[in-house]
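Have a look at these structures, which come just after this line.
In what comes next, subunit A is part of two complexes: it sits with subunit B in the first one and with subunit C in the second one.
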Partner chain A sequence: MRIIQQAIFIFLLIILLAAIPSILIVNPYELNIYLDFSQLGHLYGQFMKELASGSLGTYQLGDQVRFISADIKSNFLISLFTLLIGVLSAVVIGLLFGIFLSRFIVTRFFNMLLNILSTIPDFILIVFSLVLAIKIYEVSGVRVISLRPDGGALNIWYPMVLTAIAPTLYMFKLLAVQYYQTSGEDYIRTAVSKGMRVNYINFQHVYKNIEPFIIADLTKVVSLAIGNLFIIEYLLNVPGITKFIFQSNQFQPITIGLFSMLLISLIVYFSIRLVLYIFKRGFIYE
Partner chain B sequence: MAEKLLEIKHLKQYFNIGRPNQVKAVDDVTFDIYKGETLGLVGESGCGKSTTGRTIIRLYDATGGQVLFNGENVHGRKSKAELKKFNRKMQMIFQDPYASLNPRMTVADIIAEGIDIHGLAKSKKERMERVYELLETVGLNKEHANRYPHEFSGGQRQRIGIARALAVEPEFIIADEPISALDVSIQAQVVNLMKRLQREKGLTYLFIAHDLSMVKYISDRIGVMYFGKLVELAPADDLYQNAMHPYTKSLLSAIPLPDPESERTRRRIMYDPSSHHYEENEKVEMREIAPGHLVYCSEKEFEQYKAQYK
Partner chain C sequence: MNRLFSINYSLYTGILLTAILIFLAIFGPSMAPHTLTETLRTSYENGTILAPPLPPFTSKEFLLGTDRSGYDILSMILYGIRYTLFISFAVTLIKMTTGSLIGLYVGTWKKTPQLLEAFENAWSYVPLFLILYFFLGPITFAENADPNVLVFYFIIVASIVSIPSIVSSVRKKSKEISTSTFIEAARLLGANRHRLVWRHIFPQLKESLLVMFILEIVQVIALMGQLALMNIFIGGTIYRRDSQIYLSITKEISGLVGAARGNIYSDTTYILYIPLILLLIITSSFSLLANGLKNRFQSTYQRTPWVKTGFEPRVRPVRKVMKKSE
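On to the complex of A and B.
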């Protein structure tokens, strides 16, 4: 029942948000802004009519008017992979350096580096990374990124890396703190006093107790990655799902874009949960 | 004379070595533990009792000194097989029964972990039978095996901790304040359980605590620690009747008695470390003032204590 309530609430929220650009009226003569709610009925009616006719409608891309259905699959997949790889990297790097390799001196330097990076806002990091890519090209002549949407891997790998930065910093800090706290518990001391190996203790005792925190904060990690995805797809001209949201202020593409983004975040969330579940079943003693 | 199980020789455990905040948690401590006995270790909070226990079991690498278990140095270089053997013989029970059990493991897994690591059960059935047997040994039953630690009371959790320690059939158990976090009514149950297990299995205990009355009840000998040093070591009754070191006297004077009359007249003896008036280069060490009764003192104090000893 609660899930149905939440679904209805999310649906209403999305169609309301998507309608804002259409009902937000700027009056240049009287120099004021107001919301024209009288258009809402027409917008929603039109949207339902399009869906009922089996079409997703059109969207404006520069001077062209394109069918959403023609582009949605490839855009959806690009955003999905970018987000999935970004969040997965965050979880894997966080687990590796936050727990399993945390005893090595090299990890301490890595920790220090990430701590310094975490003081810099995400947006600045993304802009700096772009500048870095350009500098690499200037100095070495090696093109590491491409802003052409048809640039293939060159257009997609850098956004994936950039999407991973903020969630990785967050995940690593979370896991490092949890590891520090958990490793001081008496049951860890007991395990040490029993002569268990560090890896065994990390897998069987530490990970088991940190896993609930990872799962609890996974939604936060996904939302951080989505926030960055919006910026990255826009700045790096990635033909992802945010194209529908940013390229025009039409109700139809924005609604479709927001629903697609919701679906992407759900797929990413459950995929990571699945990965963690497989990891637990495979490595952790039950 | 009973056989020595553990010999601790000039054990030192310093932290933050070479820094301004260097701490000498354990400073040149020497004592022996005999097979089948319970040695109580008492002292105020922060005096180094727990650190001594943890260093003995290798939770910390000793800064100096030796820990000999059955004549073998615990802290020396060891092969994996030797370490495994040693880890099986020496176990530890921690103070906080809430923190010492992994909250994400079932009681059966907690107890059986040692059995699995040391390969003490050939099949799953044998493993579970051993778990049930251990649960019954500590006064629990097999229905408890599949529950999680949060489903138990403090006393029951400490019993699970004891069962876990017993799972690998140890010879020596370090009990680091095992009753401090328990309700008074439960403390006696746990101590009696430990005594019974000692009788039945011939265990040797190092019982770290600051409840002097409980320590007297369970211990054969008692060591008193102050600021990282062992200041007095004597048979339990002897220590209570003939306490010599002023710090031991101070500790004993702090024991409350369940008698309003004596409580009204009880005089606390305050210990002042400067009262010894040790001269520079004066040798202060553990000296035996009576058979088995050692006091940390100077030569001058040694003569005085010997004269005072009844």
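On to the complex of A and C.
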């Protein structure tokens, strides 16, 4: 029941958002802002007609009008892989350094680094790493990134790393706090007094009790990654799904783009759930 | 030596930096060496040509240099910093008061409405900056609009848009506390809902709400920065078609970053660095403040872990000393 409600809310939100550029009107003479809903029915009708006829419609790229269906597949896959790798690395690095390795002195240094980085807003990190990549090229002549959409792997790998930064930092912080709080509980004391090893306690007692928090915050992590993905694809000129959203103000491409984004985030969410499930089955219940 | 380690450095640095920032926000424009419309006149001094864009620390009059059109960067920053601080504070104040009020009361309900939960979840999926992008996109380029109206509009929209996430996190905390036994005892003794919320739940939450407030200020600044990268500057964007440049009307710091973004690819990167570093200082001073407060509260209230976690705070707990009853 709740899932259906959620789906309806998201659906409404998306079609409303996509329509805003067409219905929000600024009167340049009297300088007031008003909403013009008269176009709304027409827009939705057009959209439905387009879908019913089996095509996804067109979008404008510079001067040329292109079919969305011709380009959407490759763009979709690029965004999907970027997001999937970003969120996956967030969960893996968060778990490793937040829980399982955090007690060692060697990793203490890495934790400090993550802590410092997490106080810096994501977009500043993105701009700085962009500057860094350009400086590396200037100094050493090694081309780290390519801003050409057809640059291949050179165009893709840097955005993947940048997308991973923000969710990783968030996940690490969350897990560090949860780990610290959980380790003060009484059942940990019982386990310690029984003489169990720290690793065993981490897997059997700590992880099992922290997993609900990870799952609860997974939507937040995915949303964080999406927010950054939009900016990164825009700044680094990646041919991802956001092309449809930022290139034009038309209703059709924006709606298609937002719905594909939703699909991507669902795929990512469920694959992470699957990974966590396999981890639990494989390592904890053996 | 242990004493030196156990000082809460981040709290004191945070307080100091925030105080400096507030001072600059109040007295900034009166300290600015130039007005916003004065430009550097190209001149010939001692065999060198002074012409915009001027790198920082080359001229005494233009200490931090000028941008491509010859406007003084230091003055722009001093004029803009009050907008950044005021806007982020106003947005946070509105969303935190509304969000915590709703969250505190809804948390004491027996059952959370399914509709509310579904709405919160749906809302948390969509990045906030995207919602604001669509709302502000058509408006920010409006010519000859009053910047104050646009700032006001941003404050209202940004606060409303981010209320659901605050409600959700405060509601969960309040719910957790309202299941504890002392709440049940208070309820049995006849406390009504207002008393429960303000005498029993709120005092438990006030520390974490304070930390959340400061962290939310950083979030708002980050939101403004993300929008600025999309050429949406708070208070309006001027778009010059002939040279394709975007300018911030209010000179708000994240707007300056967004306006100078194109300089990444040229040798005038300092035009970008100066506002970016300032923005970094602003956000990190708030983060330090929040972190310092968190350290203090954590060391005071947290139970000691039974296994080695690597996250133990070094700060000494501050205990309230109760007066001895005579």
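Methods note: the second predicted complex is superposed on the first by the 275 of 286 C-alpha atoms of A that agree within 3 Å, B and C clash if a C-alpha of one lies under 4 Å from a C-alpha of the other, contacts with A are read in each partner's own complex, and residues count from 1 in each chain.
We take it that a contact is a pair of C-beta atoms (placed from the backbone, for glycine too) under 8 Å apart; a residue touches a chain by one contact, two chains touch by 3 or more.
Only a predicted model underlies this, so the values are computations on that prediction, with no experimental measurement involved.
Superposition model on subunit A: subunit B and subunit C are shown accommodated side by side without a clash. Of the two partner chains placed around the shared chain by superposition, neither subunit B nor subunit C is touched by A:Arg143. Of the two partner chains placed by superposition, A:Arg273 touches none, neither subunit B nor subunit C. One of subunit B and subunit C touches more residues of subunit A, and that partner is C.
Look at A:Ala176: by the touch rule set out above, it reaches subunit C but stays clear of subunit B. Rounded in steps of 10, the angle subunit B-subunit A-subunit C defined by Cα centres in the superposition reads 80°. Of the two partner chains placed by the overlay, only subunit B lies in contact with A:Lys208; subunit C stays clear of it.
When both complexes are overlaid on chain A, the residue A:Lys49 reaches neither subunit B nor subunit C. Applying the stated contact rule after C-alpha superposition, one finds that A:Ile231 touches subunit C and leaves subunit B untouched. With both structures placed on the common chain, the touch criterion links A:Gly195 to subunit B but leaves subunit C unconnected. Remark: least CA distance from subunit B to subunit C after fitting both complexes onto chain A is 5 Å. In the superposition on chain A, subunit A positions 185, 189, 192 are in contact with subunit B in one complex as well as with subunit C in the other. Contacts from subunit C toward subunit A in the complex involve residues 114-115, 117-119, 121-131, 134-135, 137-139, 142-146, 149, 153, 218, 221-222, 225-226, 229-230, 257, 261, 264-265, 269, 272, 276, 279-280, 283-284, 287-288, 291, 302-312.
Across the complex, subunit A is touched by residues 54, 57-59, 83-84, 86-88, 90-92, 94-96, 99-105, 109, 113-114, 117, 161, 164, 168 of subunit B. Every residue of subunit A that touches subunit B in the complex is listed here, in rising order: 185-187, 189-196, 204-205, 208-209, 211, 285. Subunit A makes touch with subunit C in their complex at residues 1-2, 5-6, 9-10, 13-14, 17-18, 20-21, 24-26, 28, 31, 33, 102-104, 107-108, 111, 119-124, 127-128, 130-131, 134, 176-177, 179-181, 183-185, 188-189, 192, 198, 201-202, 219-220, 222-224, 226-227, 230-231, 234-235, 246, 249, 262, 265.
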